[in-house]
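Labels for the chains are A, B, C and D, by order of writing; each one numbers its residues from 1.
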């Protein structure tokens, strides 16, 4: 579904990504792992159009989306989350959720200011309710983001990323900062989404989380793909072990 | 050609002011709108010490510089450090408030008239190819360059200067490694004030000092810092000199009324082509 | 709450119970024009105090309401309405700047309040507004005086360099307009900003045209820089300044470079040099001494404008009373009167009453003013 | 879509109406009129900085463009002043669009410098293009103002007119604040990165906001020119842009009442201090500094806190 072909990028003289190749298959959960600084988030940023790669191409549903503008990529059905949440503290959860959809629907600003498109907003309310329901944050609906626990914000961010019903969801460390109960819930949510035919591609450090969810794991180190396969394959891959041990040595 | 000489003279002052902007920007990330007021205060101080107390220049100038360090440090403690839940916009606005207060104090203390002091060195007109330069203008240029060079040495060589650079690279990391970030900030303001006062001291015999001077001086210095690339040490110097030369150039080739408009037009053009200034990098060059 | 509001409004609307003359004043006491506004303010405060010591005007004490315009049109407008509507003044002296005066010219008529402006532009009294007078000489007269002087000296190639503010602009307009009439040829037309620190670029351009005389029109420290830079470039053209620099401060700032500069100015600066029987001498010396004694700084012609304006106002109240129409017609029929700026001859059609003779030509010599013919 | 804050709008309306009936003194009316001009301008600035994160130090230029364009067009072509003001507003929006196109790609201090430079250029043009603007001496030839045949002259009738305009703009700002558009702008301000990845065309949105606020500021400027009957460049210089910045910040960034309260306080304050003269500047600066140091959310934040405290008691 998403194909990364020969992608590479240089920062100054450093090759942050070097000739990266892999596919993200449709309807599965694919995890991207690797030590800090391996280039995982950089790759995300290239896919979503924030960084221009120096080499290679990226295909989404067989369309070349290399180095196009972020909003075009979004329009194609690629949605993402961030390590730092990028929520707006002065708005309620509900209003923050709305931010996920307006870029797609582009409701008329004039109509909105003059309050002429109430039908649309009623539909949106329903939609918001539904997505709050499935992410389990309904009870916090009208609270501001600084009044709710961190875990809830993580769910909110995922809700914001899926409310526009993307074809593929890119998650940047979804489990980071969550406790075990919250992680359990998150796993259920992601499984639920995959069952609804969504493709998920995530960067994650938590191996337990990855092992429970990922159908396919790709390991990056120093900008190169060093392993690609099922979790079990990866776990026994020597290079991966070396990369992680080397990492923990430091 | 005369425009080059006059451009370098006023440009070296812009450069000093731009350096003041850059030093504060690099340690705090803000623009200090009171930087021009430091220049005004410098002129006023030297006037007071020379003309009112009648001190010889060699005593008056160091005294003024010491006062500058004190004023800068006090400025940081009173205005910058005390801001609750600081953010960029708030800190910039507090410097605007501070500049209004300084200007008001300048007016109350030194009055509304322009003040002047006698030249520090004998007046002499130097005949240069296709133009002239006065000995005092030359002094301005030399003092500015010497100041810039010694400051760059300070940042490169001394351990305190290295702490400054660490602070700029990464505030949190610098804090962990035992650099007292708060002290560095205070010092940054002190040094910026020092630069301003130096500029004020050298320009007052040539172009006088008035309590309202700070606004324009600050603006030009800011423009110079941006032109060179915010945070870039030599960029600020180059930006200042270029701005001075642009102004002189436009005054001598165009109807002179439009010279400021064209100087700013050039700055806009530079920004459109190089959004980080001439010498600015993504994370601007180190001090 | 209601009670409190009532009290507040009573205070605001309270009309004075005892008789007094209420005089309003608007000067640019702060801001870039403050070195003009301050002597005006000081002069007026001094005069009001003096007058009150000697029993006031027509037996009534003068109460002064003085506000700062900061040199801004909007402030002038706000404060003028404040004077008229809140302080209920009988007349207003000021503002300092031409722009500020023009901004309230129409209001003076609307609120039927006589205005004695201390700003120079001839647009203040032309077209004539019944309620607006002005005490300084017009730029036309200064330019006429200069061109006459040059004509007599047989010089005709003139370069002008003017400030980019109301004063410089209005001088420039007159310089350009009157040039033909006096057979002058303008060979260069340059400008500078008050905040400029170096004028050599413009002056180099001027020197290329080789003029007989350079006329600089500006106020404040910038003309002193023009003088210095002219000297630096070694231009041998005659340097002429406007009356805008007619204060000791200018000589102080320009230092040696001031030597030999020629300018038109009111007689105030050279009061002591006037012949003993000169009709201006007594008025000028009295004002000069009083001012210099009280404020310990040398007198400038700007303060003199406030002096003249106050004299007009005083005469108006004495002879006409507080009713605006009566006050105005009294001033209009004032006849010849000797002020600091010159001999005024205000009529119903001329609310300034000065002509070229208000100016004398001065030369700066040995750091002081010297009368020349 | 939040609910419109009707109590706030009604309060504004009540204040405007009672001012009309309680204040007869033209002086106080003129202060209120200036306050309203400042409030609209500060609100526009607030929408730029407080909502969208665009720092524009050239707002005075748009105000000036509106004022000059309106009176010049009306004087040269003899068209109705109201129409001239509308044209001025459109013209200013167009200028903002053209200027914004390269400028809004810049960020932070660079954007501040670019807008400031633009303001300086316009200021120089106002001074130098004397053949149409009257130069530094100002523009006097301003016709009487009338609105659909109703002549508007003097503080009383101008108060009514400006109050209506001000109220309509306040309603508009409030409706904007409660619409999704304000969330969108705040999203852009919070993180351009995130909002881009959610399909928001940041540049287009910013350009639109910049142009519209420039149009409103110019509309306001046109009315100001007719109200004041005389304009000269000093009213539209860099200092005025800075004043707008301080008004928005003292009032509270990112809120509708912020610009209004800030403008009201900072317009009224100098009038109270008018007799202090020499120390006015220092006191004004101290007031600013104290507000910024001790009131994180500006005056609006303070009021909100007091209201909340009372509500919870």
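Methods note: contacts are C-beta pairs under 8 Å (C-beta built on N, C-alpha and C of every residue); 3 or more make two chains touch, one makes a residue touch a chain.
Quick caveat, the model's predicted, so the values are computed rather than measured.
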For this session: Name the chain whose C-alpha centroid is farthest from the C-alpha centroid of chain A.
Result: C
Exercise. For chain A and chain B, what's the span in angstrom between their mean Cα positions?
Worked result: 47
Exercise. Roughly how far is chain C from chain D, going centre to centre by Cα mean, in whole Å?
Worked result: 35
Exercise. So what's the Cα centroid distance for chain A and chain D, whole Å?
Worked result: 41
For this session: For chain A and chain C, let me know how many angstrom lie between their CA-based centres, rounded off.
Result: 72
Exercise. Listing for chain C: what residues touch at least two other chains?
Worked result: 29-30, 164
For this session: Mind pulling the residue numbers of chain B that touch at least two other chains?
Result: 107, 215, 255, 257, 260
For this session: Would you give the residues of chain A that are in contact with at least 2 other chains, written as numbers and ranges?
Result: none
Seminar exercise, completed: Pairs of chains in contact here are A-D, B-C, B-D, C-D
Exercise. Can you list the residues on chain A that touch chain D in the complex?
Worked result: 48-50, 70-71, 73-75, 79-80, 82, 86-88, 90-91, 95, 98-100, 102-104, 107, 109, 112-115, 121, 160, 164
Exercise. So in the complex, which bits of chain C are touching chain D?
Worked result: 5, 9, 12-13, 29-30, 67-68, 71-74, 77-79, 81-82, 84-86, 98-99, 102-107, 110-111, 121, 123, 164-166, 168-170, 173
For this session: Would you mind writing out the residues of chain B in touch with chain C in their complex?
Result: 2-3, 5-7, 9-10, 13, 107, 111-114, 116, 123, 125, 131-132, 134, 203, 206-208, 210, 212-213, 215-216, 247-249, 251-252, 255-257, 259-260
Seminar exercise, completed: Within their complex, chain D touches chain B through residues 49, 55, 102-103, 105-110, 112-114, 116-118, 120-121, 124-125, 127-128, 238-239, 242, 245-246, 249, 253, 278-286, 288-289, 292-294, 296
Exercise. For chain C, which residues are in contact with chain B within the complex?
Worked result: 29-32, 34-35, 37-38, 164, 189-193, 195, 197-198, 200-202, 204-205, 220-221, 224-225, 228, 232-234, 249, 252-253, 255-256
